[in-house]
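What follows is a pair of complexes built around chain A, which joins chain B in one and chain C in the other.
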Partner chain A sequence: MLIYLLRRFGLACWVALCVSILTFALLHFSIDPAIAMAGEDATSEDIELIRIAYGYDRPVWIQFGEWFLRAIQGDFGVSPYFGLPVQDLILDRMPVTFTLGALSIVFALGFGIPLGVLAAIYPNTWIDRVSLSVGVFGQAIPNFWFSLLLMIIFAVQLQWLPVSGSDSIWSYVLPTIVLGTNAIPPIMRLTRTGMLDTLSADYIRTAWAKGLPPHIVFFKHALRNAIIPVVAVASIQAAHLLGGSIVVESVFALHGLGMLAYESILRSDIPTMQAVILIFSAFFIGFSALSDVLNAYFDPRIRVQ
Partner chain B sequence: MGMQSQSFVRVRNLSIDIPVTNGILHAVRDVSFEIPKGKTLCVVGESGSGKSMLALGLIGLLPHRATCVSTELSIGGVEMRGLSGAELSQLRGRRIAMIFQEPMTSLNPCYTIGDQMTEMAVRHMKMRLSEARDCARQWLEKVGIPASSERLRQYPHQLSGGLRQRVMIAMMLMCEPELIIADEPTTALDVTIQAQVLHVLASLQRELGLTMLFITHDLGVVSRIADQIAVMYAGSFVELGTAQAVLDTPTHPYTQGLLACIPGFTSKQEKGALGTIPGAVPSLVGNISGCAFFNRCPEAVPACAEGEGPIARRVGQQWVRCLMPSLSDANVETPV
Partner chain C sequence: MAEILQSPGENPADELTPGQVLRQRILNHQGIILGCLLLLIIILMALLAPVLAPHDPYQQVLLNRLKPPAWMTGGSWTYPLGTDHLGRDYLSRLMYGAQISLLIGVATAVISGVIGVGLGLIAGYFGGRVDQLVMFLVTVKLSVPTILVALAVVQLVGGSLQVVILVLGLLLWHQFTIVTRSVTLQIRDMDYVTSAKTLGLSTSRILFTEILPNIANQIIVVLTLTMASAIVIEAALSFLGVGVQPPLPSWGIMISEGKEHIFFRPWLVIIPGVALLALVLGINLLGDGLRDVTVPQGRS
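Let's turn to the complex of A and B:
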């Protein structure tokens, strides 16, 4: 188990390194940081001065090495736009994104799992079709449009909830619905297939033969087995929600990491972009490792040797 | 048969239909039988003869699409037809237990043996958890599983097939049922383990006076435990009688064929020549005209292919569904 964990950690570090090399190279070749920093009216002499002052004239691999050595010590440089250390910016924005991500995944699980269970208990009935429609709707609807729609109805017309900002917990309601709705379909469909599979399993027939009441058969015996793959997918979905909130955070003006990513891209703020992308990829790496661990935890066949 | 008042299980004209894509599958066709209290009825037949469907039909565990009709279906004096799901679940596991063929997949992989055993006693016997654990431990010892406390903490995947089937037996007998339906409980096990498991089941049955419906395709097993034997073919009972009568004087050509398939079972058989029944069980989808065994029967006459198939007639000690000319002067009665 220890060797497994070490290997998993080593792999995670390796992926993180690859991601940072790739983003560094891509950013370096697509944006000239000196031009971006100098502004629109700068002369070519100014640009050259900035280039030399910030060391952008040196070979790429030296710049990367320097960034990397500082990054592993937690120093991601200073954002030229915000004028603040990037790590401070990120730590400042993280709670908003985590709150939104956690609420969204709870929302998605809270709707996805019951809908999937109902659809599997009553397959090919109207209940099944309604939950399938919810799934298709959740997957097909564009985030920005759904956000605006909810804003118009609940914030502008009914005035039940704030339009934007992150001042109170109420500000999170609409963004949570938008992000969560997006994560419902995979969770729902996986729960449905998992439940359908389990409900035809021999041990479910045993459970009925034991004379157990339906709620125990469905929720204790069937769901417990069907949920194992759902947990793994939900964990990846959680990473997706944390990293995929750029549109939703910008529409609702929630000052989280997604908003920071959006702002830094708009301002060609390379150190911030670099760090935010690394953080997002770290979410994915971390949560996929978590999904393996959760899988092992929930399945006694893996956990107990 | 006779002595009808003492029968624990009474089944009359039971048929099970399952709609499938190309028609209606008549899995069980007009089956009638009785099992006296404390006795064992063995249902013998090939794969696909409808044995398992019959078992599931008795305790109301058929697939949702299936329909089960009968003129009588009573177990322990309770008429099973028309019982609600909740009423059925009060009987299942409490008065009627069922043991399945596949010990490897019949226990829930996510819960410990203890968990799966105790939940039954908690539900049916209204025991507290600690009492249920003691009871589970006692039952594990009864089926010959030592170190029962440790076993209760284990998961099914940590146990061998033979142990799992014993756990299944212990679990299903925990609430002291009166009828046990065993659907090929030893088929998936090694031969040596088969004997052990069968021994455990048979001795507990005697000890507790359980009525048993035992489904198998293994005539060797049948000869060891059966009081009565029903031979099933294409969804109906072709021969039904006391174990001794059916094994000593098999009357239906199918029963004779089955017994000839066992090495050394009949004296007529030459050494080295193992009997086979040519052909395969006919499709159970749609109606079968005449006798279902017609195309495989060595003694078939043209009349066998006509009409609705033979009715059951009393021949000596058993009931036989056959038109065989040699049986034509037999004492014909309506079935049991």
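Let's turn to the complex of A and C:
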């Protein structure tokens, strides 16, 4: 297990390095950063001045090396738009996104697992069909539109919840539903197939034969085994939730990392953009490594590959 | 003896060719039928827009701003779905918007399909170090936050239809590679591939005429699902003001413009959203259904 962990960690580091090179290059070749920083009314002398002052006149790989070495020490430079160190901005916004992410994954598990279990216990009934349609809709509904729809129903028509902002815990309700709904389908499907598989296993037949009551068979014997792959997928979904947070936080004006990303993109604020992309990729890499490790922990066959 | 030779579950009375079996399965699959129906409606909307659209989608009639749809009080059949904040006919914009969504979906899926299938074929067929390299690329790609990078690059380069298609095409190829690779791995050692090799066919000939046709089913499934994600991402980018630019009637732009009037005219947001949902739902149902029916018997 230790060897597997070390190898997986090594891979994660390589991936992180490649992703940061890739995204750094992508942004630098998309636009001249000096022009982006100078704004629309700048003269060519202004742009030259900025180019030299910020070191944009040097070769890209030197810029990358310097940026990367500072970034891994937690120094992402100063945001030209916000006028603050980028790392302060990020630390300031992180709690909102973490709260939203945690609430959403709890919401997704809280609906996905019971729906999947019910669908497996009563296959080919109306319960199964309802959970199937929830899955199909959850997968197809565009999250920005779903946000607006919930806003229209619960904030505008019924006036139960605030339209936007991040002042109170109530502001998190609608964004949580939107983001969580995105993650329900995979969790539900995996739970359903896992349960169906285990329910036909021999040890379940034995459990029935012993005369155990249904709730013990379903929850203590079957669900325990069926839930293993769900845990790993939940970790991947957590990473996807972060990606969705950009859109959802922007719609609800929730001041988290996603909103920071959107603001920095609208203002062509390259240092902030780069930092946020790095942070998001790091979470993606971290969560998928976590998912692999969880799989390997539960299923020793994977470790020896 | 004859019984033993027959594979179980097959009735000798109705001998069907694989093609007939597939056709029957498709016609019996509710999801595929519903998906095709939804998709067909949207495709007709897009193709017939120049003929059927009641008005010019760009023509502004400021006196007729923000008219409600015909079935609501104050609405009229001159503007069946009402008008937007600039007095443009909503139904006409919706129909022309279908063209944009479909174009983005198809073009993106083709670009990412070429990249992804190419990489997958190479990785699956050659294996070894090549395979490791390609799979590493896929891992790197999977760690790139798609929406964030798409937003950033499109904003920096400047939003337009071509830029959105190109950027999404470069960001959505991984699923093709994963599927193509795993199927190629399964069939590269089959007898007919080995005999093609013995005959001395060139590698590219084997890849394109022997292997590619046999993985077409799986690729079509990925194609549909990639189309759906491209359409949703385009709508999201345009909604956030960083995709296709106004006055083009992208559904994302229509939703974003309708958002200003969410308090008193919610239909401005609801109508284009329903169209978007119907399109994505249709494509997903079709894709999921095709995956169900193309899986060989007994493996579903």
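The criterion applied here is as follows: the second predicted complex is superposed on the first by the 293 of 305 C-alpha atoms of A that agree within 3 Å, B and C clash if a C-alpha of one lies under 4 Å from a C-alpha of the other, contacts with A are read in each partner's own complex, and residues count from 1 in each chain.
In this section, contacts are C-beta pairs under 8 Å (C-beta built on N, C-alpha and C of every residue); 3 or more make two chains touch, one makes a residue touch a chain.
Quantities reported herein were computed from a predicted structural model and do not represent experimental measurements.
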item	value
Which superposed partner A:Tyr203 touches (first chain B, second chain C, both, neither)	first
Of chain B and chain C, the chain that contacts the larger number of chain A residues	C
Which of chain B and chain C A:Ile216 touches, first, second, both or neither	first
Touching partner for A:Asp299 - first (chain B), second (chain C), both, neither	first
First (chain B), second (chain C), both or neither touched by A:Arg224	first
Shared contact residues on chain A - chain B and chain C	none
Chain A partner contacts - residues on chain C that touch it in the complex	136, 139-140, 142-149, 151-153, 155-157, 228, 232, 235-236, 239-242, 252, 255, 259, 262-263, 266, 269-270, 273, 276-277, 280-281, 284-285, 288
Of chain B, residues touching chain A in the complex	59, 61, 85-86, 88-94, 97-98, 100, 102, 105-111, 119-120, 123-124, 154-155, 157-158, 168, 171-172
Residue numbers on chain A that touch chain B, as the complex places them	201-203, 205-214, 216, 220-221, 224-225, 298-301, 304
Chain C partner contacts - residues on chain A that touch it in the complex	11, 14-16, 18-19, 22-23, 26-27, 30-31, 36, 136-137, 139-145, 148-149, 151-152, 156, 242-244, 246-247, 250, 261-262, 265-266, 268, 273, 276-277, 280-281, 284-285, 288
